[in-house]
Every structure is written in C-alpha cells, then in structure tokens.
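Both complexes below contain subunit A, partnered by subunit B and then by subunit C.
== the complex of A and B ==
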C-alpha cells in the first residue's frame, strides 16, 4: 500500500495511491475524496474472508460500523483519501502473519490480506465500565491504518508496562495483559482519577493515545443544553 | 444577479455505473506541506497565513486607503488606526443572497487610514485558512467557509436546487466572482487538489472549488451495484460531489458535524 499522511498530527488524513486491481477496505464513512476510477463495494465482512452476517453484527457491537467499504482501483494511479472523524493522528502498522488488537473506533483502513475480527474478547470482558472497551483483532499479512484521538505514542514493551485503559490504541497480541488498579488500593485508584489500568507483559509493540474520548465527552457534556 | 444559472441547472440524477475510465484525472496535491505558512503580496494587500493547519491565523497588511471586507467576528486584532465599519454591503438583495449561502447579513469593512496598518484574522473553530486570487474568475464556497475578500469581488448566495436539497451535508454555496483576493476557512486542514478529468469528494468535505469545474451531487458510483440502493444507505459515505473538467478543489480533513455527533451523547438528559 502506497500512502502518505498529510496534516499531521491533529488534522491527519491518509492519501493512498492504488494501482489497478488493488483493493483497500475502509471504515464506513471514512472516505474524504477519491479519483473516479474506483469500484466501491459495501459488504458486511472483510473481503474474501468468511463470517458474513454474524461477524458483521459483532463488528457493530465493537463500535465499528456493521458494513465495510471496499475500494478497488480500476485504473492505474488512483487516489483515495480517508480520514477519521475526530481530531487526531493516523499511523501505519504492517502485519506479517501476526495479529494486532485495535481499540474499537481506531481501525481506519487495511489492505486485502488482513482479516478483521471482533470475536476476540480477551480484553472486552475484563471491563465493566462499558465505555468503548471493545476490540477488533486484525490478523494476516498487509498494511493497517489506525487512527487515534490526539497524538499516538509508540511503546516497545520489553518486560512490563502500565497504561490507562482509555488511552490504549492498539497492541500486538504477543503481549499478555492484566487489568488492575493503578494504585495500591481501589479507593486510592479511583480518587486519583486513574481508574483501571492495563498491565502489559512480554515483548511487543503498544500504541497509546494522548487523549481519551470519554474524558473529553464528560468535560463537554455538562456544558451543553440537555437533550 | 446571476448569469451562470444555465450550466447550474439541477442535476440530481444518479450517475451511471462507473466504467473506470482511464482518462481519470491525476490530481496533484500540493499540500504535503500542510503546516507551511502561505504568504504573498498582491496589488491590494500583503498576507501571511501562519500556524497552519491547526490554528491558522491570517495577517493582512493594508496600504493607506485599502479595504477588506470580512465576516463578522473573524477579526482577532488590528492596528489602532484601522477604520472598522459594520454594515450591509451591496444592498438588501445581495445580503439576502449571502445569508442563503450560510453567511451573515452583515459584513465588516476595514479601511486602512494614514500610514496603513495590519489586521489579524482567525476562524471560530480550530482549522485552516486558504487563499485564492481571483482574476476575472469565480469560485464556489461551501456554507460557512467565507472569511474575507478585497474590493473587486462580488459575493452572491446561490440556491442549489435539488443539488443542495439532496445533500444532507448542506451543499449551500456562496459564489465569489471578480478580480481580487479571497480567503476562506474550515474546520480541519484544507488541502488543494488540482483536478483534470473526474474527481469525487464527499459533500461534507468540500470547502471550495473553481467554477471551471462542473459538479453534480450523486451517490458513490459503484454502491448501486445491481440496483441495490441499500448498499448506498448502508455504505455511510452519503452523498458525494462528482467534479469534472479542469480546476482546483479544496477539501477539508475534518467535519464539524462528526464532532457534534461525538459530543451529542454526552449531553445531559432533561430531568422531566
């Protein structure tokens, strides 16, 4: 996938150049602009992959739209520009056989060799706050574009690392994790505003975002007119 | 008031399936440097757009007697000897037209007094400012994108007929024509794209385009495979603006409406 990230880090869009026959799968609604030489197809599953309806339903529950848009170039040098809805950055991650677990609303686009699956509930079950704590597992070989709210910071975990749950963007599934309290006591953890944290162990890449959408929403909410 | 109504006749019909024509434009994008300042000088003013693209600020230097017309509330600061006058410009008809184009009825007129002066302008939301010099040409601006212009540019609101009606994103356009300098703004960064041939932009991301381009609002070609309208509705890309011809389109990289959709669930609920 040939791509270019423009207007980083807060107004970022990804400009991709596709050759004839090349396909990119995007989050529904992510398309900003494109050349006219594209065949656009909407499906409820990742292209070529199995799953169909049931996977689509699962994807809906994970905060991603039920349907996926597949853009296939029908002519050489076709440009496709995609962007997320919130202010923030986009990053590229290439997969070669492994898996990356992505926070529900952070998946933006991927090339055809990547299977998007929401059956992975390893982390989802562990949260009871229920706030966008759903996850999408991307596996296979190819390129992934992932967006964040705020800037993205990459951490190469060797050993242990602790992250506030609202700031996780994605992590390689070579990492094991534990959900726990930030401080030594539950009351202290919540009073300190950190709530739940995720303790990662092992070796692998971890991506965190500088801002946390629910925190921002809770900041705005009380200042808005009631619904 | 408007002599371009013929080629702007409503074209709300759906385009045929995209045959993937190879004559498709090869839009070059000069905005790989979206954070570079934009500056220059014309016969009417000297300008610099800095702090791009997140918090763009426009500085305008005016020689004595020069005028700019700006959207109310765009002014950040100005030299003390700048004369500011608020008022209706171009009579009631023009003002109503601007209102239709999503702009205020009132336009502020800044006139430089002896010795000239400078003014800083910024938009209401975080985002970018773009510049276009018109030389006996016309540009369409998306609702709310207008910021300021120099003398010699005429602004008219334009009823887009079914084109505007079908685009839920509010493709209500303001037409700027004449000879002079024009500045416009948007939420998100603004990327200029030079189109030759065909090009498609989601209606919610169009900031401005030259009138040398033909356009029509349609559904994303290909989403109607075998007449499945459902794929259009479920596809979520909504309506797109399909441009053809040769000219420049400016697209924004974020939409205010997406931000509002995010914030809405956090509003308190009425107690009763």
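== the complex of A and C ==
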C-alpha cells in the first residue's frame, strides 16, 4: 500500500495510490475523494474472507460498522483519499503476523491480508477502561491505517507503561493490559483527577492519542443549546 | 520429531523490531525463523520464561541480555517447551502456570464481586427511592392533594348525573361535616358530590373531593351505615393514601425527581392514576388502615361505629355473590375478615354514648328512588 498522510496532525487524511487489482478495505463513510477507476463493494466480511453476518454483528459491538467497503483499483495509479469522522491524526502500522488490538472506531483502513475481528475486553476492563466494551482485533500480514482524536504518539513499551483511560488508540497483542489506580492510594488517585488508569506490561508498541472524546464531550455538552 | 509453532520475535536486529516467525523446539535450544530466512536462537539453559500478552496466555522466552524474545500464543507451546527442555525450565514454567491461575481466579472473583455488588446496589436504590419518595410525598403540603383531586375529578368519567336535591344532599353533607371536624389532617376540603347511579359505591379523592352514589344510599339500612362508609373513604384522604399510591406507581426517574424537589411528575402521575378508574385500587393494608381510622373518626364524632360492621353484614346477606355493581365491597378485603376486624376495633374503644343521626332515613331513601324515577321519566 502506497500512502501519504496529509494535513497532520489535526486534520489528517490518508491519500493512497493503488495499482490495478489492488484492494483496500475501509471503514464505512471514510472515503473523502477518489479517482474514477475504482470498483466499490460493500460486504460484511473481509475481502475474500469468511465470517459475514456474525463478524459484522461483533464489529458493531466494538463501535465499528456492520459493513465494510472494499475499494479495488481497476486501472493503474488510482488515488483514494480516506479520512476519519473526528478531528485528529492517522497512523500507519504494518503487521507481519501477530495482531494489533485497536480501540473501537479507530480502525480506518487496511490492506487485504488483514482480518478485522472483535475481541471482548473482559468485564472488569470493559467497565473501567473508558473504551468500548469490545476491541477491534486486526491480525494477519499487511498495512493498517488507524485514526485518533488529536495527535497520535507511539510508545515502545519495554516493561511497564501507564496510559489514562480513554487515551488508548491501539497496542500490540504482546502487551498485557490491566486497570489500576493512578497513585499509590485510592483516595489520592481520585482526588488527583486521574482515577483509574490503564497499565501495560510486556514488550510491544502502544499508540496513544493526545485527547480523549469523552472528556471533550463533557466539556462541550453543557455549553450546547438544546434543540 | 520437533513440533513447529507460529509466533513472533522481538529483536533489535530486525528493521521493524518485530517479525512473525515459525518456532521450532530443538534438542538444546529454541529456534525462530522469519519468512525472510533470519534465524534467532536461545539455548534452553539461558531462557527466562514469562507468560503475558493481551490474552494473558502468550508465552515469552528471553535470552539473558533480553536482546531476543521469542513468543507464541499456541496453547500447546508451554507443554511442548517443558518437554523439549527436559526439565531445565520446569520450575519457571510451573511458577508461570501458578501465576496465570492466580490471576484468572482473581479475575473471576472480581467479576463475581462486580455482579453481586451491582445487584445489591440496584435493589437498595430501588427500595431507597421508593421509601424516599413515600416519605417526601407525606411531607408535601396537602394543597398538592387538593390539586390532584380536582384535576382527577374533572378528568374522570362520571357514572351518572349529579343530584342537586337539597333534601337528599344536605343531610349527607351534614354527616360529612360532622366527621370532617375530626379529620387527622387539617386543610382538607371535603367537597361532596352525590351522583345518581345504582353502583353501591363511594370514594374520596386526595384532597377531599368526595362522590357518593345513590346506590349506596339505597343499600344502607341506616344513616350510621352510610356514615361508616363515608368515614372509611374520608380516611383514605386524611391518611393521604392517594399520594402514597401515586408515588409508588411512578417510575423510578419520576420518584427521583420528586426527592430532589420537583413535584410536577407527581401531579401528572396523579391525574393519570385516578383518571384510569383506580379509585379503589388501594392496597389491603391501606384498606385496613382506613377501616381503623374510619372507626376512630366515627367514635370521635359521636356516631355509632357499629354501622361499619353492620353495613358489611347487610351487603354480605343481601349480596352474598358480590355482583358487579357492588364495587365498594368487591375490591375491598373479604367482608368476613372486615366484620371481625372492625368489631374488634370497636370493642377496644372506650365506652361512649353515641348520638343517633337524627334523620328520617326512609324519607331520604325515597328521595333517591324519586330522583331515579324523575330521570327515567
């Protein structure tokens, strides 16, 4: 996948150049603009993959759409521009075996070798992680485009790392993820405004976003006039 | 023959730092080969093992300087590694197994805790709000009862036309005002409406708006019996049963809004509740309480309370089958119990000389017949 990320980091869109026969799977509604030489197919399963109905339903639980859009170039040098609905950055991650666990609604596009599935966080984590109940699990070999709210920062974890709830974008499956308190005491953690945090352990890449949608919503919501 | 597992490797020698590999467990070492042909080797005696990853089931093998990490999520990888290393890693692997077991036990304990805690919280919240709403309603001014009663009376369907014959209505109004002096709550207006209907019924809405059907007047053998029913119904208003019922019938959100001081929901629910002909849907406990309070009111007003069990006797004998028209009796606890209970209450009262209600009862009852006849003409 040949791609270019433009207008980073706040209004990023991905401009991809596809060769004849090359396919990219995108989130529903992500397409901004494209050349005329594309065949667009909408299904509930990965290109050439299985799953269909069940995987579509699972995807809905993770905050993604039931359907997936597959863009196949029918002529050489076709341009496809995709962008997320929220303001923010896009990053590229290449997978060669293993999986990347992505927070719901952050998956934007991927090449055909990537399987998009959903994975349950576990009850405790689902309640307190500040994310959707389910994660999107991308596995296989190929390229992935992930979007965030605000800028994306990549952290190479070796040992332990702490991220505030709501700031996780994605992490490699080699990282163990737990919910814990921010400070040494429960009272201090909550008075400090951090409350619960996500703790990562192990080795692997972790992507965090500079802003988090729930906090933004809480700040903005009360100021909006009721319709 | 050695088994092959799919997994991955971390190494600074790789351009991306990580690659997907095929792992082979050989006699002296674990070997990981990438698709590009790079091979990474860790001898078993140098291997340090750790379980982790997103699933918690991924097994990592590291060399001493941690420059190479070979990992796999294959469920049989742990057992195969144990076997291939011929006991060299047994201790470490057993410790990791125990750690993983401990974690999963802690996890399930945590989940059970959350589920049980949430269930207890929901139950406590539900009853807390119910009890809280009931307390708050009792503390609200009676003007709210009046408002509900008036709104409900205007909205509810009438079973017949209102009777305005002063010779029929005034004596009954006299009984009502005699009882009203002994009402438990001050500030209620007992506003009487006599309605022409064969229904043997009477009711009192919150705030004191009262309806007595002519059918009840005909069924009562004496003014004391009618006074007993009136006293019972007035007690529902003085004990504020209506608002209690409404606050209980309200949804949880309306109850919460009531607790935080917004009574608009109560008013709306009240109108709805009483309009839907739920006048008689008080609880058994409320009915017994109203019987008790009714007997007390009669006693204080100097009216013979034995009219209450007396009327029950009449209704039981004359209408043993409890026909449709006898709503008053049919929606109340069974009359045997009520006769026994009210009789017991009366016995426990201090002795008092009751004044008979000085009315020509047969004359009044004939007025009922006349008003019905007049209507049919």
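In this text, the second predicted complex is superposed on the first by the 210 of 227 C-alpha atoms of A that agree within 3 Å, B and C clash if a C-alpha of one lies under 4 Å from a C-alpha of the other, contacts with A are read in each partner's own complex, and residues count from 1 in each chain.
Quick note on the criterion: a contact is a pair of C-beta atoms (placed from the backbone, for glycine too) under 8 Å apart; a residue touches a chain by one contact, two chains touch by 3 or more.
For clarity, every value in this text was computed on a predicted model and none was experimentally measured.
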Clash-or-fit label for the pair subunit B, subunit C on subunit A: fit
Partner chain(s) touched by A:69 [first = subunit B, second = subunit C, both, neither]: first
Which superposed partner A:213 touches (first subunit B, second subunit C, both, neither): first
First, second, both or neither for A:176, with subunit B first and subunit C second: second
Touching partner for A:37 - first (subunit B), second (subunit C), both, neither: first
Touching partner for A:4 - first (subunit B), second (subunit C), both, neither: first
Contacts of A:96 with subunit B and subunit C, given as first, second, both or neither: second
Which of subunit B and subunit C A:19 touches, first, second, both or neither: neither
Partner with the higher number of touched subunit A residues, subunit C or subunit B: B
Following superposition on chain A: angle at subunit A, subunit B versus subunit C, Cα, nearest 10°: 100
Closest approach of subunit C to subunit B (Cα atoms, Å): 8
Residues of subunit A at both interfaces, subunit B in one complex, subunit C in the other: none
List of subunit C residues in touch with subunit A within their complex: 6-8, 10, 16-21, 35, 52-56, 58, 60, 69, 71, 73, 107, 110-111, 114
Of subunit A, residues touching subunit B in the complex: 4, 6-7, 10-13, 15, 28-29, 31-42, 65-67, 69, 74-79, 81, 83, 85-87, 213, 217-218, 220-222, 224-227
Parts of subunit A lying in touch with subunit C, wherever the complex brings them together: 94, 96-99, 101, 119, 122-124, 127, 141, 156, 171-177, 201-205
Touching residues (chain side subunit B, partner subunit A) in the complex: 18, 20-22, 24-27, 29, 31-32, 34-35, 53-54, 126-128, 188-189, 191, 193, 197-202, 205, 220-223, 225, 231, 234-238, 242, 249, 251, 253-255, 258-259, 261-271
